[in-house]
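The letters A, B, C and D name the chains in turn, as written, and every chain counts its residues from 1.
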Amino acid sequence: MADMLDVATREASERLKAKVQRLFGHSLHIRHVDAGSCNACESEIKLLLNPYYDIQRLGIFFTTSPRHADLLLVTGPVTRAMEDPLRQTYEAMPDPRLVVAVGACACSGGIFGPSAFSQGGIESVLPVDIFIPGCPPSPLTLIHGLLLALGRVEQRMQGGTRRIRVSRPLSVITPSAQEKEVQG
Amino acid sequence: MTWNLLPAFAFWTMFALYALGVALALLMRQGHAITVAAALCAAAGGLAALVAGVGVLVGAPAPGGVLDTNLPFGALSLRLDMLSAFFLAVIGLVSLPVAVYSIGYLKHNAGVRRLRAFGVLINLLLLSLVLIVAAADAIVFLMAWEAMAFLSYLMVNFEYEDRQVIRASFLMLAVSELGTVGIFIAFLLLYRVTGGSGYEALRAAAATLSTPLRSAVFLLAFVGFGAKAGILPLQLWLPEAHPAAPSHVSALLSAVIIKLGIYGMLRFLLGFLVGTGIIPAWWGLVVLSIGAVTALVGILYSVVQDDLKRLLAYSSIENIGIILAGLGAALTFYAYHLIALAAIVAIAMLYHVLNHAVYKGLLFLGAGSVNHATGTRKLAQLGGLIRLMPWTALFFIVAALAIAAVPPFNGYISEWMLLESLLQSFAIPDTLTKVVIALSGALIALTAGIAVTSFVRACGVTFLALPRSKEAAAAHEAPLSMRLGMGFLAFFCLALGVLPTFVIPALDRVTTALLGQSVLNQVVPPLFTNHPGDYQLLVTLGGALFKGWLPVNGLVVIAAPAFSTIDSPSYLFLAELLLLGLVMLALRAIRPLGVRRAGRVWAGGIPRFEASMTYSGLAYSNPLRIIFNSFYRSRVESKAIAAAARHREGSITYQQEIPPPFERGVYRPLLKFGEWVTRPVRFIQSGNLNQYVFYIFLIVLIVLVLRAI
Amino acid sequence: MDLIHFCTRLSSACGSEEIKAVRPLEHEIVVSLSPASLPQTVRTLREEFDATFVDLFGLDQRPSQDTFQLHLILALDNEQSWVHLVVDLDTERPAFPSLMHDLPATDWYEREVWEEQGIQPEEHPLLRRLRLPPDWPQGIYPHRSSFAWSQNVQAVEPRHVRLEEAPTGVVDYPLGPVRSGVVESGHYTLRTVGEELVDMHLQLFYKHRGIEKRAEGLPLPLLPLVAERISGTSAFAHSLALCQALESLAEVEVPQRALYLRTLLAELERLYNHLGYQADLCQATGLVVAQAQFDIWKERILRLNAAISGHRYLFGMNVPGGLSRDLSEASLDMVRGLTTTLRPDLESLGKLLFDSPSHRDRLEGTGILTPQDALAYCAVGPIGRASGVDRDLRRDHPYAAYADIDFEVPVLQTGDALARARVRLEEAKQSLRIIDQALERLAAGSIAVPIEQLLAEESALGWVESPRGEGIHWLQVGDDGRMRRYRVRPASFANWQAFPLAVPGQNILTDFPVIEQSFGLSFAGADC
Amino acid sequence: MVFSWIRRGLRTGVLTTRYPAVQERLPEAFRGRPVLDASRCIAEQGCNACVQVCLPDALSLQAVVESAGDEATQLVLDYARCIACGLCVSACPQQALRTTNEYELAASRREDLRLVTLFAPPDTSGAENGKEESNGRYA
């Protein structure tokens, strides 16, 4: 039952995404929001405009006002102070709108979250359409992500489970290092 | 009775209505009832004036009459010639809505005595106004003129508790009397030739005068009436009196009373002096250049004002300047025997008189209801009113568009015709004259540009953004009577703008009477007739749409025959309506993608968007102030904080002070000089009543003696 | 002069009765004193020994010892060493006399100590939230030892900063936190009348990630990862400062080759930062071609970084004890190639740039930071050097291999945007010189020494001249040999305090972007 | 002045990448995402060297109970968390981990960035051991 419902919602979202891709297919306007990144991601995003990458040749532009934006490009783990501004920016955007998480921090919180100071990834604040991993993602990765949002390139990453048959006996797992750290 | 007797009937009932108004105001007891009765009488009088004026303009016989007295100065006569009729119509057009408006405006003003005073005064004032234009001889004119001066003084003094008000109204009276002296002498100069005080006699007298004397008369009349109209440098009373007066009074002041200054000039210059043929060219150039400068100075000060009504007052000065520029151009053209051009400019000028009366009246009423609703006129405390008082906002913005000369509203057509005809100076042989006219044209154009800024600022800061004070936040829409008054004028802002070809024939009659040549068929090509002559092309271009449906020559206006630059606000308006419809359809056609959401104002993600973040009037006009500062000679005191203070978030101070024009340069020295001169004769003003009675006795004695010999 | 002698002078000058102990370490003089004598001591240090204020922070020693401590770090540039004042505070009511009236620069530091440690700076004129978010509950002090980085802090009703009323007609022009372009988050309130800029207020720290707290308790090899993410564009500098501190705590000698490579990489980082800075400035003045030219160079250097270090921003290069990977001959040749092509190009670019009227006119006399203000607010790095503050840690407190490399430190006096741009460009040229020297003196050898463990219950100072200026890392190791307290004072934190002083006055609204870019400050770099 | 800039711009020529039309190559040395050679990994023997040094918890290791009821070990590699620091690579005693220079890493779903390796006990049906059965990841 549950996964059926999941399927249904996924289909709906796929349909919306298809529509968005039809609409934005050849021109996309981006509003970027820094939700607490170390400025490496910003640096890379800015470099998208330099002659080496020049994403404007792909019909992708950065806009000043979210009112003109189709896509919200978010970096950083969403610090407490940036949560409301981020929400506001998203609210200020017209439908339909895409959200792209840039960098490990935005995708999952990276090394920063969730903690007392940050949400740990923008998924906990906004619905995310595209994840661009990396710390920071290189400009090419960014371009791939943006074009993926537009449905102009194929997705290469596929998750899943692979099963290895091992003859050796399994032994007990020692708890991973991190749990120890957490109690600081 | 047949229709063409109606104007005469209306003309005489008008006086009766005003008298009735006075009587009712005196007899009735209950405060509000007094207001209503008096205001209704005044309104009815206004209607009558409108009917009479328009009636005569469209060709009804001119009413008039002579009351023969055996006073030393002969008969008193009234007559409604074309010029008078035009101004009578203007008076009616404005006083009718103003009277209605005052019902609502005064409701909150308690105090029976005060309301009774209002009831009496407004009717008397209007009576004096109509007498001024209806007068057909100097005596009636002067008496009515003085009455007007004094009554308007009392009206401005309505809120006499305020010292500022007293000061302002007194200043107004003083300047007005100063002007009257000039006017009186001008009349005398003509009077002493034939000894007849009737306009005909004066006209005849003017013809016999030597040119220097005629120039003297011209100057005296120009300055004397200029003081009322507010030409530079006699404009100083306007920005004081207008804010001081109750808004409906300021509306009358700006829309009608200062126009009577123009009326006087027209009466003298075009009525008496021009009729006689040759006039020196420099008359026109003087009027033109002073007009142009007045216009520029007026608007430059309008754009930096913080008090809404003061802003409007300065813009009245500007418009008077434009009108004078028109008059000056007309005189110049006339001097060079370019009668047709002179007539066209004169039409444009009269049209502007009419338009300014309508939209400035409306603007003052609008400012009045803003003041009524918020208790303040300071732009720095207003804002966001369009949500709280939508009707007022609508009317005010219509008037602002009109005064900014945006089609399809009425300011556009007259300013366009005026500028076009100023471009005609090439027809004049004399180079200097050409230059002066061209320069004045440039100044007027600049003025028009700044006027847009000024009124974008006025509307934007008053009605848009967020309320900048809790008074503004608590504002309420104006009561019905006020909305009616404003709506009436707003309607005319549109009508006069869209249907110029219905107005121009009437104006043409006025100028024909004054200059003796009709230019109707040049300005409004007869496209609806069967033989359009030179304008066949226009007909084939569709100029003759609606042919045979409308009782006019056509709907197309040609301001400058030489270039035949053409415009038709009427068709333009239709086009605009069409466009609007198309846009509406388009909007309906495009379905918004996704859901429609109403969100917060986008301000960069800050928690609250506040009034302090909206653009202020000061900030809006500051760049202009910086550009023209050498002229304003403003003082700015701004204290940026010392480094240490910053950590206490030490507050900053910012002070800007712009002295009124010529204050330092002209008035202060003049005042000093005046005091120095009058010191020896102060003893005359002893304050002892008997002494004053004695003075009067002396005067009467002298008059009788003079009469005897 | 040797430190012992210096210490005796110091204790005599400061009146020995308050000075509890003066303890010379290597490059560091630790002075412990009582709160009361703090202001006098600081004044003496600044006036008689012309020491420069560097950092102020609090320390919660509980539970190991039951004290609060206040730490001040001042730089003695002439002695090539640091004075470290340690003030023991009352545990019940920790407080100290505010230094702000002598030294406005301490404002933010004291507010930070107040809100994050609950230590009261007495007579501080404006104790207001600094780094903690508006929805942070009162009375929870993240830098007390009881607080855990990962603990859950209940949000309360947000208390936003409210500025006092502006004079009538003056507009509060809000800018940010979400501003135009691809920029970091921060909020300015520009107070303007039409064109004139009357005043400005600054609201930073939207990006507070609690980095210092994050690092505490982590095992040694993971620490650089945290330091790198203080500010991604000065990652190498920060990890270098941290590693140097750790190395001095482990008492190991970093091999020569590593030192030279560190110098080289640090300068590469400075280079791409300064060229990117010029690009941004050109964007602000609308000089598009120049922007493209500088961006091209930035990208080339980043690609070089990726090729030689595996990361465009040199993440993961520094490890405690040296470097994580050696640079092959091929890599070194690539670096040589870069310098040889970049040097002439930089010369001509710079000339062209500062001869372009459209660019120059926007910068000249814009956003002046006077030398007095720069001193009062202890502006560091290029910003300070453009306003006559002649300090550079590479020269005054040499680390890595800077001691035996010769280079010049450009200093200008005018303090306007043009000066800042010129200083940055000149430094870029110097970086090329340094790289060349590093390349030719580079000897073969190992690139790292293993570190077994750190001295327990000890603390050390690490410093670096990052592209944006002086960065200070101080850390204390607990008895378990893991980091107990990590303190970072990045360059931008110092410079942001000076920034608002350059804005009001002769500038107009459209100057602001130029001023902002000309400072080229980093928000992340201010807030960790 | 203007012209010298223009000349400069022209002299620079075209540098722009043709990606995505033409694939780019990052330098071999580039430290991208780590990939696991499962056949070498000895996680099932209780080795968690990589997990120990993973600051953002991109690597995690836990025991699961299979449907068949027998114990299995799963090593999760979450690229959404990974910061490509490369510490796991140097920490691995078996050299089972290496970093790649692939860059087309974006994904539309969080799960697509989550790669699970399940070490299951020997299959009674005697399939070849140490061999991968299903393969997800960079296709």
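Definition applied: a contact is a pair of C-beta atoms (placed from the backbone, for glycine too) under 8 Å apart; a residue touches a chain by one contact, two chains touch by 3 or more.
The model shown is predicted, which means the values in this text are computed figures rather than measured ones.
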| item | value |
| --- | --- |
| More contacts between chains, A-D or B-C | A-D |
| Centre-to-centre distance between chain C and chain B (centres being mean Cα positions), rounded to whole Å | 66 |
| Approximate Å spacing (C-alpha centroids) for the pair chain A, chain D | 17 |
| Inter-centroid spacing, chain B versus chain A (mean Cα positions, whole Å) | 64 |
| Separation of mean Cα positions, chain D and chain B [Å, integer] | 81 |
| Chain A: positions in contact with at least two other chains | 51-52, 65-66, 84-85, 88-89, 111, 135, 138, 177 |
| Shared-contact residues (touching 2 or more other chains) in chain D | 12, 15, 26, 30, 53, 55, 83-85 |
| Chain B, residues touching no fewer than two other chains | 604-607 |
| Contact pairs between chains, per stated definition | A-B, A-C, A-D, B-C, C-D |
| Contact footprint of chain A on chain C as seen in their complex | 133-136, 142, 147-153, 155, 158, 177-178, 180-185, 205-210, 213-214, 216-219, 225-226, 228-233, 235, 276, 279, 292, 295-296, 298-299, 302, 306, 312-313, 315, 522-525 |
| Chain A-facing residues of chain B, complex | 592-595, 597, 599-600, 602, 604-607 |
| For the chain B and chain C complex, residues of the former touching the latter | 306, 380, 603-610, 612-623, 625-626, 638, 640-641, 643-644, 646-649, 651-656 |
| Residues on chain C engaged by chain B in the complex (per definition of touch) | 100-101, 104, 107, 125-126, 134, 158, 160, 163-179, 187, 191-196, 198-199, 201, 373, 376-377, 500-501, 504-505 |
| Partner chain B, residues of chain A touching it in the complex | 23, 65-67, 84-86, 88-89, 91-92, 94-96 |
